[in-house]
Structures are given as C-alpha cells and as structure tokens.
Amino acid sequence: QIAQELAVANATELVSKITENCFEKCIVNPSVALNAQEDYCVNQCLEKYMRSWNVISKAYITRIQQSSAEK
Amino acid sequence: KDIMQFIESEQSKSKVQLSIHNFTDMCFKKCNANRPITSGGLDSNEEQCLTNCLNRFLDTNIKVVQALQGSSK
Amino acid sequence: KDIMQFIESEQSKSKVQLSIHNFTDMCFKKCNANRPITSGGLDSNEEQCLTNCLNRFLDTNIKVVQALQGSSK
Amino acid sequence: QIAQELAVANATELVSKITENCFEKCIVNPSVALNAQEDYCVNQCLEKYMRSWNVISKAYITRIQQSSAEK
Amino acid sequence: QIAQELAVANATELVSKITENCFEKCIVNPSVALNAQEDYCVNQCLEKYMRSWNVISKAYITRIQQSSAEK
Amino acid sequence: KDIMQFIESEQSKSKVQLSIHNFTDMCFKKCNANRPITSGGLDSNEEQCLTNCLNRFLDTNIKVVQALQGSSK
C-alpha cells in the first residue's frame, strides 16, 4: 500500500528509469521498427522492473524500520 | 499573461533541448559501442542508427507509459 | 507549525522515493548483468539477489560513513 | 535553424557532453600529454558528436510534429 | 588544507560517491552478508578513493592556479 | 556588497568542490578499470594515472570549447 502510493506519486521517474533500462537491455541494434523479439523483451523487462521496484521498496522500508527500532 | 506564456514557452524549449542532449548522449554511445572513432563524418549507416535509436527509444517510452496506465486501472 | 511538519514529512517521503528509484535502478542492473531478460516474473534467486543487493549496498554505505567519521577525528 | 538556436543557447551542456564522451572514447590510458593519435581521435569525435546532435535534433523535432499532427 | 576544508563541507557527496564506486567494485554477487573478501575490498577501496580524491584536488587546484597565472 | 561577494565566493567554491567529486569519480573508474582493488594505498603509477587523467580531461575540454567557438564564427 505504501509502495503503491509512492509509485503513483513518482510515476514519471519510474517511467523514465524503466524506459532507459529496458531500451538498454532489449534494443542492441536499433532498426526501423521494434521487431517481435525486442517487443517481447520490452514487455518482459518492464514487468520485471516493476516487480523489482516492489521488492526493493519493501526491503528498504523493512531496513529503515529495523534501524529505527535499534535506536 | 504574455510574460507567463513567454516563460512557459521558454521552459518547454529548454526541456526539449535537455531531452535532445540526453538522447544524443545515449545514441552516440549506442551507435559507437565497441568500435573506435575513425572519422568525423557520419556515413548513411551511422545516420540511420542514430535516427532508429531515437525513434525506438521513444517507442519503448510509449510502451512503458501504456503498460503503467494499464496496470494502474 | 502543522504546515511545516506536513512539508517536512512530504520532503522526507520524496527522499525515500528517490532512493528507492536509485536502488532499483542499480540492483536491477547488477542482478541482470550479462544475461538477457527472458521472463517478466522474478524467481526466488532473483528476488534474493535484489534484497541482498539493497542490504549489502546499505552495509557498504554504513562502513564508508564510519570510516570517514573515524578519519576526521 | 531551430537546431542552431538551441545549440547556441545550450552550448555549455553540449561542451560538457562532448568532453565526457570523447575523453571516454579517445583517452584510454591517460599519459603526460595528449599524443597525436588521441588528439586526432578527439578532433574526429567532436565533429561526429556535433553531427550526431544535429541528426537527433531533426529526428526528434520531426517526431514531435508527427505526434502533434496525429492528435 | 584547502582540500581538507572542502572535504568536510562536502562529506555527503564524498560518502555517496565512495559507496557507489566501492559497492560496484567489491560486491559482484551480493549475498546474505558482506563476506570477508568483500569487507576487506571495501576497506581498501574507500582508502584508495579518499587518497585519489586528495590527488585530484591538488592537481586541479594546481591547474587552476597555472591557468590564472598565464592570463 | 560584502554579502554578495561572500555568496559568490561560496558558490564558486562549491562549484570547484562538485567538479573535484566528478573528476575523482571519473578518474578512479578509469585508473582502476578491469582490475580489482588490492590495496588502500596509491603507488606512483596510480598517482600518475590520476593526475594525467585529470589534466588530459581538461585538455580535451579546452579543445572542445575552442572547436565550438571556431565553428560558430
């Protein structure tokens, strides 16, 4: 829930990071159109990136809470 | 009103400028990856690579925006 | 006072958001280095890699802060 | 013309991007002075970068105009 | 002395650059804890980075002074 | 006037600081590329590499500025 609120508020940054990472990863020799393989790769990549964002969010918030609890 | 319009138009111009700098930086790197610079000119393959790089990056950007709009519904 | 607290809380929230974006960017690159994207899901190894990446980065950060505090005494 | 106006206004950013890219590309093992080969490489590189900037500018402005026309 | 003043004022930036560089260099496959080798590497790396910062500071200030003297 | 001078001097100091951070980041990467960190010290080769890296980067920067001034005349 916290993660989703943050996601909506920060959608522009998320779009820009996903675009950069997935373009870099999926389009090695840019041609006159996205071919089927590149298109598939971008779809998988953007899903994987969003899931990664969720994992990192949860792990970071857990870590912040742990270090607050230690004080 | 005029001054506001002027400021807005200048801001959008400088946003376009900044994008062009970032695209050039990215596509120059991609189109010259793994090979040395041997000439100052651009042959037709290099020019095509740059144009394709920009357009496929923008295609990727559109796909990402659409996917995020889809998943937030 | 309330408005100041609201602003401070929003600023710290957006600082956390920005950190999450930077950590995701870095750990996505590290955990997918040298291999192609073949699925949109995360298997347990990939999820573990991301969590470890974040936590070892924060460990490194703490070590660096401590070393600089030590050397400035 | 538009491209040239933008270029002049944004010369600092252009200088900084060219310097970074051409240093990275041309000077692999920095020595006590730029040798003839590095010097030649930097000259070719900066010309190629400026031409690349022109190509990207035109292509981007064309794309913006196309997507405005589609609306 | 000048270098040290600058260092203190800009400690946050220094911490962030060292963390990024040394994490990148020393932790290739992040595991459940920093192992002995990674821990040793981070310690060496942060020392080397601080020494590098000092060398660059001195060299840059020397260069600025030389080019001021030439005017 | 004094306060303006103070602000200007502080701004130029922090610009120099930021440059030093960026140069160190870049030259640390270049001088340690493709090899592991094995010691915390700098031997004379490493120190020379860093100094050369900074000075050749600044040489490159000057060449670029001169070329752009030449081409805009």
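In order of appearance the chains are A, B, C, D, E and F, and numbering begins at 1 in each one.
As a working rule, contacts are C-beta pairs under 8 Å (C-beta built on N, C-alpha and C of every residue); 3 or more make two chains touch, one makes a residue touch a chain.
The structure presented is a predicted model; accordingly, all values stated were derived computationally and were not measured.
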>> With centres defined as the mean C-alpha position, give me the subunit B-subunit F separation in Å.
In response: 27
>> Measuring centre to centre with CA averages, how many angstrom lie between subunit A and subunit B?
In response: 20
> Which subunit E residues reach two or more other chains?
Replying inline: 14, 22, 26, 43, 46-47
> Can you list the residues of subunit F that touch 2 or more other chains?
Replying inline: 27, 55
>> Chain contact topology under the given definition, line, ring, star, complete or other?
In response: ring
> Circling the ring from subunit E via subunit F, which chains come up in turn?
Replying inline: E, F, D, B, A, C
> Residues of subunit D touching subunit B in their complex?
Replying inline: 6, 9-10, 13-14, 17, 21-22, 25-26, 41, 43-49, 51-53, 55-57, 59-60, 63-64
>> Going by the contact rule set out above, which residues of subunit F touch subunit E in the complex?
In response: 13-14, 16-21, 23-25, 27-29, 31-32, 36-42, 46-47, 50-51, 54-55, 58
>> Looking at the complex, which residues from subunit F come into contact with subunit D?
In response: 26-27, 30, 49, 52-53, 55-57, 59-61, 63-65, 67-68, 71-72
> Can you list the residues on subunit D that touch subunit F in the complex?
Replying inline: 8, 11, 14-15, 18-20, 22-23, 26-27, 29-34, 38-39, 42-43, 46-47, 50
